[in-house]
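I'd like to ask you about the structure that follows.
By letter and in written order, the chains are A, B, C and D; residue numbering begins at 1 in each of them.
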Amino acid sequence: MGKKTLVLGVIGADVHAVGNQILNYAFTQAGFNVVNLGVMVSQEEYIEAAIESAADAIIVSSLYGHGELDCQGLRDKCDEAGLKGILMYVGGNLVVGKKPFEEVEKRFKEMGFDRVFGPGTPPEVTIAALKEDLGA
Amino acid sequence: MGKKTLVLGVIGADVHAVGNQILNYAFTQAGFNVVNLGVMVSQEEYIEAAIESAADAIIVSSLYGHGELDCQGLRDKCDEAGLKGILMYVGGNLVVGKKPFEEVEKRFKEMGFDRVFGPGTPPEVTIAALKEDLGA
Amino acid sequence: MRLSNKKWSEEEFFSQRRQVLAGWPTGKEVDLDEAVAYQKSIPAARRFQEKLNEADKKGVTLIQPRAGVPLIEDHIRLLRHLETEGGADLLPTTIDAYTRLNRYEDAQHGIEESIAEGKAMLNGFPAVNHGVAGCRRVTGAVQAPVQVRHGTPDARLLAEITLAGGFTSFEGGGISYNIPYAKNVPIEDTLLTWQYVDRLAGYYEEQGISINREPFGPLTGTLVPPCVSNAVAIIEALVAAEQGVRNLTVGYGQCGNLVQDVAAIHALREQTREYMDRFGYQDCSITTVLHQWMGGFPQDEAKAFAVICWGSAAAALAKATKVIVKTPHEAMGVPTMEANAAGLRATGQLIHMLADQKMVEDSVLRDEVEQIKREVRCIIEKTLELGDGDIAVGTVRAFQAGVIDIPFAPSRMNAGRIMPARDHFGAVRLLDCGSLPFTKEIKDFHRQKIEERARHEGREVSFQMSIDDIYAISKSRLVGRPRD
Amino acid sequence: MRLSNKKWSEEEFFSQRRQVLAGWPTGKEVDLDEAVAYQKSIPAARRFQEKLNEADKKGVTLIQPRAGVPLIEDHIRLLRHLETEGGADLLPTTIDAYTRLNRYEDAQHGIEESIAEGKAMLNGFPAVNHGVAGCRRVTGAVQAPVQVRHGTPDARLLAEITLAGGFTSFEGGGISYNIPYAKNVPIEDTLLTWQYVDRLAGYYEEQGISINREPFGPLTGTLVPPCVSNAVAIIEALVAAEQGVRNLTVGYGQCGNLVQDVAAIHALREQTREYMDRFGYQDCSITTVLHQWMGGFPQDEAKAFAVICWGSAAAALAKATKVIVKTPHEAMGVPTMEANAAGLRATGQLIHMLADQKMVEDSVLRDEVEQIKREVRCIIEKTLELGDGDIAVGTVRAFQAGVIDIPFAPSRMNAGRIMPARDHFGAVRLLDCGSLPFTKEIKDFHRQKIEERARHEGREVSFQMSIDDIYAISKSRLVGRPRD
């Protein structure tokens, strides 16, 4: 089984670049093929990149608090674009303020994300989840 | 009207001396006649001193947390000793642990104290109360 | 318009102004003469620069939070809470991320969603949408002076509305609000739009109204070597002064090593003064700000307090004019007002306890100051050279050449060739100097410092060190040691 | 028995022992041979001194809380929480105030009331009443080594029971657990009872069992000048060593001025070593402890965190072997276990962040170290002189003469003639040197320091300064300025 491909980026108007650069490094080290879109990525850019690279998963980061507004409708757009069922993770500081994680998780799962990760999740955790979900 | 006399001391096995020395200084400066018994004062010592000096008030400090055990029965002993109705204040860190002040106040009022003061009460506050209660 | 470091004529400024004000309907509310009159009516006690001057004279450090919520009444309540319960000396209004990108439609949507959901759906205060009257309600509702804090590459309309709205200080600059906050905006563009902002502030100054301007010191907030952030601050001070700005606060984000942090503030103050004098801006007032730890925070609140307090200690011992305060919620999300006030109280306690102490100017501290100044000098002199003496033009070329280079920046305009890492004592050094125009001596110094650490850790010098350093704080460390 | 600084013979020790063990029924449980065997079974990782030695070698600072509740199971839960949630390296068992006064009946009453009321009615753990088996349940239930912390003038029975109970460190001394903790107990008495304790610890040492002993450094915790507390620590170290103690941790309570605090720890370590060597105790291990701020705390928890963190910074920069940690509840009452763990986490974060930094040994720091040592030398040499070369006998006379004098002490055995106050930079100096046997030079130094402050404050030197200093912390200050 070849390398799995991930599309990685920070959604919306979010410019938090540090975590993104570290995830890029960590996923690559872990043996994934990473298409890193960097920061300020629109929903359309994720989808284009996923189609182009025949990606196995889309990894969305949102740190700055507008995650709720920015992520609305991404799953539908994926479906429309022919990416039905593509694995979709989201993580970071997803909402404005300090909220109980269960609530946040529920909200983003309803939006169609397969897994939702809280602030400061270490790359090891994400990598383990990816290996499980992608059988890599 | 002459100087009012206060009996001052830290009750029980309590050795916290700093606040006591400061209260002594502050009450004296404020024009009271202070009989300072220092730290580790028994109930009997307060009563003896109050009788001897014909005191107008007994000011009990308790810092170390055993205030509840140490103060039980002081009002009754005063009554028995002929000090019926003598003004009695208590203040400091009266109970073990951080407790809502209302509860602590209630408990010590039930024990017969006229006024109960929380941790770190500044001398000005006590002096104002004394002047009010003693008409000094 | 062609970029050069020359003061704009009134015509240039006023002709561009019409177009700026047309950017969003609230632009119509700005009447410059009326705004000047309004600013004149603000008493000295509520002017930012007056408070800074007073602090500077007394040698004390003022405390200032970050804070902003979408709706006016909530925002006023927030600021009042920080003032009364937190003891803030200076107040902020942090602008939301859509406004920062001039996406006023999205901001409007965020305001409406916030009302509908009954909770904040924006990460700051959308000042442009609230307009001049809305801003005046805010700045008029509190005792302390209020500053606009944001991260906006094109802040022209925001500046027009907020300065007319009674704010007396405005953060940002053409570099510091571009490279860490944008992906695709040319440096030339932001230098131009920020000349506009500075020209506007300068215009107020010409009418006798002090407007404090503050380049954003910490940049990406992550392992930024003092030489890089100090060089950027000085360049932004120079271009601002040219447009008529007279009151500048230069800033620095705490790195964590006490000697380096104090040295950086000393170097920043001294060297900004030197360059300002050299280019003829002797009449500019220079004050300093230290930002408490700007990188990732520990999630635990008790640990976060420790990080906050260490920043406070550095600010107090460095005698920075003010300190920007973090909160125990930092790692989690925009703080509640209670958490924000708690951060302020902890900071205030430490700042005031240390008011009478300062760091002794021994040779170790002095060496570090001189080291930073030498490095800054290399960067700025090369930048001037690249611009044929014009610092603005030189800056554009310096970024192209990697002569100025900011680590971990999202911007494509940034070379991204340098790699910082901590030395054995936690000071931020350069593992890779990239294209910074350093002398051999300086490059050797950095290499030796990093090699000293590597030796102690029994490993090769590598990028893994920088990664370990970024994660260190969440493991209660400053230096990311291999076993941790 | 007559006091002299001579090691007790086995007969003297064992004859007194019978009477000591008869002090409370649980005394019968102590069988010294069995206790030695039990102590031998405790693995190195859970021995206090081993952990200190390791830290000393690595140059790191360990963190230790204070904690004690009346009932065994609750106490175990508390210690486990501090270990797992607080990250405590070393654990305490703080003894209640009745036990400290050998009022075991009252302690028993307190235990019963605590059970009846379902809440703690004692301010600590009544170890004597719980007996050897009870203590072993505690010390055996946790990973970290556990120390007895108290304030007991006559701690002979407590020492017997707790050392047999598996504790590997015991705090206190004949001065430091008398003057701040008692009113009417002669110094001679406590020096004798503490010789017993030290002889007991020495006995264990002779059987190959390390018992760490720690004189209580901070004394009354309120404006104690470093020379006074360092002199007391050194004297207690000397008398302990004579009885066979081999592992000593000397302590100091933070004063708040960073230079003075670091200097005090340096001076303490160096000078204890000097005196120990001079009197032939070269084989004693000396480590140090800094106590975070021991005076009145601010009530607000965020402010309390700041005070805690500043103590952590001082400990880390001074490279003390361990730091005793306060909690955000300090001003209010005995802390909950959560508050206690929060204090530990904040401390751990700062201590570990600063692990790689230390205070530069510049001339200012060195001068302060030498100043403290000079003052300590005056006190100890005079004490030796008063005792005709016998430090124990000299100590009794020194207290009578006010040659050793502890500010704000409750004890009638203390002259109470000195009056401390802070200087302009927050260092604790002497407003009145009382009868301390200082040279004219030293007295002038203190007078000048206080006068310098008075001049800046535009007031006369007076006791009001000391009062203002005591209240200063609750006004977020170190130095109590007149207008505050």
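A few notes on this one:
In the analysis below, a residue touches a chain if its C-beta (ideal position, glycine included) is under 8 Å from a C-beta of that chain, and two chains touch if they have at least 3 such contacts.
All values derive from a computational prediction rather than experimental measurement.
If chain D is ignored, touching splits the remaining chains into A, C | B.
Most remote chain with respect to chain D, judged by CA-atom centres, is A.
We define each chain's centre as the mean of its Cα atoms; on that basis chain C and chain D are separated by 45 Å. Each chain gets a centre from the mean of its Cα atoms; for chain A and chain C, those two points are 30 Å apart.
If you average the CA atoms of chain A and of chain B, the two centres end up 65 Å from each other. Taking each chain's centre as the average of its CA atoms, chain B and chain C sit 54 Å apart. Counting only residues that touch two or more partner chains, chain A has none.
Not a single residue in chain C touches at least two other chains. Arrangement of the chains shown, judged by which pairs touch: a linear chain-to-chain path with two open ends.
Contacting chain pairs (ordered by label): A-C, B-D, C-D.
Note for the complex: chain D touches chain C at residues 256-259, 298, 300-303, 305-307, 309-310, 312-313, 317, 341-350, 352-357, 360, 362-365, 424-426, 473, 476-479. Of all residues in chain A, only 12-18, 21-22, 25, 38-40, 64-66, 68-69, 93, 95-99, 119-120, 122 touch chain C in the complex they form.
Residues of chain C touching chain A in their complex: 97-98, 100-101, 103, 106, 109-110, 113, 119-123, 151, 180-184, 220, 222, 295-296, 299, 329, 331-336, 339, 408-410, 463, 467, 470-471, 474.
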